[in-house]
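In the two assemblies presented below, subunit A is common to both, partnered first by subunit B and then by subunit C.
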Partner chain A sequence: MGVTVLQQYPVPENKTGTYVIELLTKRLLALGATQQGQFLVDCESFLSHPQMGATKTVHILHNSEQPASVFSILESGTKNIHVVADGLFDLFMMKLAQHYTSKKQTKIESKGPRFELGDFCVKLGSVMMNQTFKGILIEVEYRPCVMANAVWSLLREFLQGLLGASVPVSPPQHLLSRMHEIYTPVDTVHQYLEHFGQYRKVTGLRNA
Partner chain B sequence: MANSVNISIEAPIENQIQEITYDGQEIYQAPLSMSENLARLAQKIDFAKSDDDYCTIKKEPEVEVKSEEDSKEPGYQSSQWPWDSVRNKLRDALTQVCVLADVLSIAKEKRYMILDPIQAEQQDTRPMLQVYGRKKALGAAAAVLLAGVERLRASETMRLSRNMPDFHIDLLRLRQNWRLKKVSNTIVGDLSYRTAGSKFSQTGVFEVTKAPEDQIAQAMSLNAAGPAPSALRVAVPPELQGVAFISVLCQKEQEDVVTATLSSSAVNCPGSMPGEGAELHWQQKLEAAQNVLFCKELFARLAAEAVQLDASIPHMVVGNQIMATVLPGIQLLIGLCHNNAQNSNSSNPDAVKPEGTAGKSEHDHVLEHSLHQLLRAVHHANTHHPFPHPATGPLGPSKRRCLAGPMAADRYELLDMSKEQSLLEQIIQQAQHFFMRRRSEYVLDTIAKEVKDPLIVSHWNALNSPTQSCVKINIMASGYDAVCRTSLVVHVGEKTLKCICRDGKVRHLSYELQELRDLIYCQIYQHQMTAVQAVGRCMGWQLLASSSHLGSGPVEPLGNASSCLLASPNGDRMIAIRCEPSVGMQVFIAQSPRKDFFSSELVQDKKWENLGGAFKEIKLDKMEGKNFLNKMELLMACLSSPS
Partner chain C sequence: MSAANAAPITATDSLSQALKANIIPNQEYLLQGSVLDSAVEVLLHRLRGLCDNVDAGPETFDDQEVCFSLRDPNQQSAPLMLRVRKALDARDMPYQLRYIGQPDLGDKTRPTVVRSSLDIACNGMLIEFLNELGCRIEFEYSVKGYMFRKGRMKITVAKVFKISQSSAMPPEPISQSYLVELSVLAPQGQDAIAEDMRAFADQLRPLVQLDKIDYKRLGHMAVT
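Showing the complex of A and B:
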């Protein structure tokens, strides 16, 4: 488990998402990466019942990199509380259906090929919400290191080399405060949630 | 009762406690008002009872049914109004009374209805017949009981008089150690390891019967001195009879692998337990049967694993034998030897004599024991799940797997957890380690025998695991062990050796023994060089130069030649030592200046003599001294003398 950076990749005006993914795949393969299966990160949000006072949102995320875990993040005003649990948490949420109702139409996921290139692991994800293509998220992980500040410049260089100079690369909002702490899988999930939140706000793009 | 004291009992004035709050305050129920109290008491009146009485008098079943229906209904409605049920009951009673009054008035007219007495049922009134019948029945019952008593008394007296064993006491003893249950008329027991966590499909049902008395008497007459025979007989299914054990053999690979050693191991298996002719005690019989079942489970499991595992050299399962390659050229043979009583009788008796077993390797009791232990560990793990037991989650996965979700383990860690070593793999590892340990022991012992100077002492750790042990090797010269000793530690693993040398270097060696041998030889010569320097230091000699890897001289087959140069305290003598592992130690001495100086044409001044002279080799084997260091000490002492 190393430090992961998530980066949105803009889709050019007259191009489709598949085209961009193929383009990036070609670049990665040219660098010598090998494809190691697929990956999937999905997110479902639950709203608390109005009777329980102020409305709270619980986001349930699954990451194929941690197949035995369910990540849940509770948004309560200023603070986000996360809980990592095992697979039974999904069943638990079904039990809580009275108090937390699922917003089915906001179920969002990012999936695509997963590449390994030396110590790096690159995932090219197409973000889909209700079968509508929303954009492209690129996840780059540098596995030997767990401190974000120690590896950030390396990751930036790698991202710039991969994505081209046209894409501005900046450290993720979530990581800014946690640059000097040990990186955990929950931090990746927080980054995904951040980007999913942004994608939910924008109206649908063209179909992939 | 003049002294009697009046005791008045009354209910406490306190009201009933309705609730106790968390701070300990008690909330009382308000007392019932008069009307409420009346309602409560009225609820308690059992109208149904009086209804029943009424019905029995009238003998009208329709009324009874009706009243039951009615009595149910108010039960549902009673929550609405407290007097509801009372009212309904009263109304029913009124209806019934009205109907009764009507019926009576009609009956009085005698025009439409006449009340006739009901004819009582004609009873069989022949008293003598009944008496005889009863007498006969009672007589039959009494005869049965008396016969039983007679039999019990007879058997008891016979048992006491002839000292016969008691069936029930034996059954009680059996019950203390074995699981029994009664199925209709028979007593059936279970000797399988199911309750201990086994998942083997074969059952281990046995039946308990009472031994015939004549057999007991016969057995008692045969050996009067021995312990009393049991009144129990246990019948064990034929597939669990006899003796079984798992034979484990380690042997050099042979050409005809299939015909390897099963015959020899089967010969060694005793066909019958001692004293088979005389009936065995049930305890021994059951234990033997349980052992057969255990061996069968163990072998079935090993065979299944041998087929599933894909080793580089595939394991072979032929008949009741498994063959696995432990190390190149060495095979592990695991066989199930099961001799039924029937088999041994049918097979020719001269198979019993051990033929051709001398050349073959012996049955390995340690590995057999390990196999038993491994299967028992599996049984134990099947029944003992790690705590805490979750109230909802699945029971069974390891603690690490339980924590994998909350700790966000990634896919590699999860894959790691799913790997489980099979019994066969574990036993192969143990066999490998066994061989590695024996080979290392052999190498160290032979080196210690070959090399007398210096001494090689190896200490084996008494505590070791089945797959790892550790030996500490000390190299020293007798009499000089305080001056210099070289120690190294060798960890013997499954297929590799790990040597940790004195300088902290770690060397990993393969299962080839020559590597260990070479390493020890290198260490011996290194020891000699350092020891001679240490002796020199003690003697006041000065180390001028030393090199452990000389570039000069012929190429050594192992390691490099090393050398050192020592100067005497006053600097006029020098000793040079060269050590080549293939040759041994060579010692040279030189002297400068020489005591006698003759000026020649070339060397005219004595000062040139200080440059050092030619080295002359010393014939070490001709020197006094019990070992090399002793010789060197004597040499140095001799050269230090100011003559």
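Showing the complex of A and C:
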């Protein structure tokens, strides 16, 4: 487990998501990466019952990299409170069905091939919400280091080499305040949630 | 695409598979009783002889438990009760979040209380999470004692304490006795284990009477 940076990759106007994934796959393979399976990160959001006062949202995320964990982030006002639990937390959410209802139509996931290249692990995710293609999210992890501050320059250089100079690379919002702290899997999940939130707001269909 | 590169199954799918295969331990079989402080040594001695972990001696534990309730927004059903346990003697261990359903005592032929139960290990800001979720703290206490194992059965002999307001004061016990619990967590329908529990409880009967405790009736009993 190292530091991970999540980056949106723009899909050119007349191109499909599949085309971009294939293009990036070719680049990675040319660099000497090997494909190590597929990955999947999904997110389902639950809204509190209107009679419970101010609306609160509970986001439940799963990451195939940590298959035995359920990540839960409660959004209330400005605060985000997270809990990392074992798989039964999903059953617990069912017990709360009276209080928190799932917004099924906003269920969103990012999935695709997973590559290893030396100390780096790269995942090329196609973001889908309700069978609708929303965009491409690229996850790059540098595994030997757990301090974002120490590894950010390296990650930026790697990302720019892979994605090309046209893609602006900046530190993820979530990491800015946590550059000097030990990176944990929940930090990756926070980044996914940030991007999923942006994709959910984007309307309009794109071709996968 | 090779099998190694197959897409991972979603968490929802693996959970529904586990539910279908009935491998999730979501039922608790429970018997309870109590012994006076003066008699606890004899019971511990007996348990040491009967249980599995003979060589290592009994395992001790010191937990703090906070009980939360979450009201039904439609006011139609009883509030949801949730319990959070934290080990005071092993602070780096995760919290244990527990949902416990209504106890089903059944008729005389049923050997133990059965209640639905979900035990979830959690890390992170669980207390704040539950507070923000809309839960209210009902009560809290600490519980300190011994744990034994016999096959799948768990036996705890423990003393319940009030939470002291200042850390300088020693915790105050709520009674002069120890709470004894015999429990098994199992998937639905494994009623055979209840018979084993009854048999084990019978072996302890001269020292402690483990029974199905009906909390509703306890609430109505006159305090003498």
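The rule is simple: the second predicted complex is superposed on the first by the 206 of 208 C-alpha atoms of A that agree within 3 Å, B and C clash if a C-alpha of one lies under 4 Å from a C-alpha of the other, contacts with A are read in each partner's own complex, and residues count from 1 in each chain.
Note that a contact is a pair of C-beta atoms (placed from the backbone, for glycine too) under 8 Å apart; a residue touches a chain by one contact, two chains touch by 3 or more.
A quick note: this is a predicted structure, and the numbers were derived from the prediction, not measured.
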Request  = Classify the contacts of A:182 with the two partner chains as first (subunit B alone), second (subunit C alone), both, or neither.
outcome  = neither
Request  = In the overlay, answer first, second, both or neither for which of subunit B and subunit C A:97 touches.
outcome  = neither
Task = For A:87, select first, second, both or neither according to whether it touches subunit B, subunit C, the two together, or no partner.
result = both
Request  = Please tell me which partner, subunit B or subunit C, touches more residues of subunit A.
outcome  = C
Task = Scan A:150 for contacts with subunit B and subunit C and give back first, second, both or neither.
result = neither
Key: First, second, both or neither for A:29, with subunit B first and subunit C second   = neither
Ask   = Is A:74 contacted by the first partner subunit B, the second partner subunit C, both or neither?
value = second
Query = In the superposed arrangement, does A:113 touch subunit B (first), subunit C (second), both or neither?
reply = second
Note = Residue overlap on subunit A between the subunit B interface and the subunit C interface 64, 67, 70, 84-88, 186
Remark   = Per the touch rule above, subunit B residues touching subunit A in the complex are 392-393, 401-402, 404-411, 414
Note = Residue set of subunit A touching subunit B in the complex reads 1, 64-71, 84-88, 184-186
Note = Per the touch rule, the subunit C residues reaching subunit A in their complex are 4-8, 10-12, 14-15, 18, 24, 26, 70, 72-74, 77, 80, 97, 99, 118-126, 128-129, 132-134
Key: Interface residues, subunit A side, partner subunit C - complex   = 35-40, 42, 48-53, 56, 58, 62, 64, 67, 70, 72, 74, 76, 79, 81-92, 95-96, 98-100, 109, 111, 113, 186
